[in-house]
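Chain naming follows the written order as A, B and C, and within any one chain the residues start at number 1.
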Amino acid sequence: MRRELSPAATAAAVAVLGFAVGLAGDACHVASGTTRYEWMGVPEIWRSRAWFPVLLTGAVLLAAWAGERSGLPAARTRSRADAITGAALVLALYALTAVLKGQPVTVSVVLTGALAVAVWSWWDPSPGAFAIAAAAAVAGPLAEIVVVSLDAASYAPDSDGLGGVAPWLPCLYFAAGAVASGLWSAVRGR
Amino acid sequence: MRRELSPAATAAAVAVLGFAVGLAGDACHVASGTTRYEWMGVPEIWRSRAWFPVLLTGAVLLAAWAGERSGLPAARTRSRADAITGAALVLALYALTAVLKGQPVTVSVVLTGALAVAVWSWWDPSPGAFAIAAAAAVAGPLAEIVVVSLDAASYAPDSDGLGGVAPWLPCLYFAAGAVASGLWSAVRGR
Amino acid sequence: MRRELSPAATAAAVAVLGFAVGLAGDACHVASGTTRYEWMGVPEIWRSRAWFPVLLTGAVLLAAWAGERSGLPAARTRSRADAITGAALVLALYALTAVLKGQPVTVSVVLTGALAVAVWSWWDPSPGAFAIAAAAAVAGPLAEIVVVSLDAASYAPDSDGLGGVAPWLPCLYFAAGAVASGLWSAVRGR
């Protein structure tokens, strides 16, 4: 039986997972030409400007903390191994959206959306997880629309149909939010 | 503990799932140019002519009813949340076949086939579910071959190698049939 | 309750699974132009030269035997149905790498790697399975580098960035090794 992690260690592990997924996923979007950084004044980490993985890590911590604090019951208890599977599946979905560059919007949105729903209903098909996933699906793209309107980054002309960001972006944030909502208790263990 | 649904409510929920998956999946095939409607005399719903999602919904209801009535034991009991995951995975496979347009037949058939087998063996690795999945893998493409030979719809020239329909079509119907076979009891609940 | 298979029957079933996955996956790589056979003196099976699926079957048997003999505890007990799901997912990942031909290295490696980690953490998130998966991720590509340097086969110019083999090859072997490590006991049953 594994030891329960302290709050500080749990937060650190959640942050590392969020940072790693954000960094590797973003590298895929830059490599595929889906996104491009326009501000060059901030140091680069791999293929990201530092502010992006830092913001994303903060968002993952916030969603994980909200999921833990909400007191809403999870439909399934998740282990540390499940946390790795969940983070890996979100990263795979992130990379898949890079592969889908150039596909018709209908195809990329339906594929990403169906997989996002499957991630939520596998990970924790509870109303609480759905609420956090839906909040992420709204807040994440809105934040990126602000980033794009500030000329800090941009989406490719064939991938900017949702106010300057990609139409499948809410689906990706939905999956990430669903997993993040239960990440705190999964990583902490019992 | 959730309430068991009445037969009418169960049938309605199964029909809604089948209709939604058929409509969104078909929109992907039309968007990617995999399929094309040739008869224009029937009203359009999203990107489908109305007869297609209606036929598909009937087929899903039939498979769900056959799975329930067969009395063959399921290897795994599935919940309503599992039904959402199953429907989402079938829709993702549907959309994936649109992405695979232009791939060599070997690649698209092996990938779709492997995922279809994984869906069956995850959802319900029982002989009964296999039988319904296999029946769907034969009957579905045969029905579409008839549709194509009536000039109601057509597959693109690079995707019509199986009597006028796509070679991976049996794999997609196999996965859909496997999930449909257990959909009635999953949606009804216990 | 199913009968436990004899060691000979277990070995035969593991060999059949390994052979089938290797043959179908390799056919995808040949069809997509990812790999090419250069030695023509050996009989062909489907699209492979016979030595390849034979070597791969031996490797799967070795990994399955090592997983069984190691005595390291599995984190999850796997059934015969799970063995089919695991083999199907590894084959799907194999076929997916054929689809990814032409994608930027970052994208194909991150996507294959994330899915490989998800396969391991779903199938058996134990240190023993990880060790065998990691050993496969090193030994498999090394063996293929030798094969390429002997001019028996080659990877396409856009897919040979890792000493003549594809950069995502370790990820594919990692997933295959993880599943193979628990295949013996899953196939044998209890």
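Assume contacts are C-beta pairs under 8 Å (C-beta built on N, C-alpha and C of every residue); 3 or more make two chains touch, one makes a residue touch a chain.
Just so it is clear, the structure is predicted and the values come from calculations on it, not from any experiment.
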Original post:
For chain B superposed on chain C via Cα atoms, how large is the rotation, as a multiple of 5°?
Top reply: 120
**OP:** Would you kindly state whether over half or under half of the residue numbers at the chain A/chain C interface are used by both copies, giving same or different?
**Re:** different
Subject >> Whole-Å separation of chain centres (CA-atom averages), chain A against chain C >> reply: 29
Original post:
Do you know which chain A residues sit against two or more other chains?
Top reply: none
Original post:
So in the complex, which bits of chain C are touching chain A?
Top reply: 75, 100, 103-107, 110-111, 114-115, 117-118, 121-122, 125
Original post:
Which residues, counting only chain A, touch chain C once they are in their complex?
Top reply: 24-25, 27-28, 30-32, 47, 81-82, 84-85, 88-89, 91-92, 94-96, 98-99
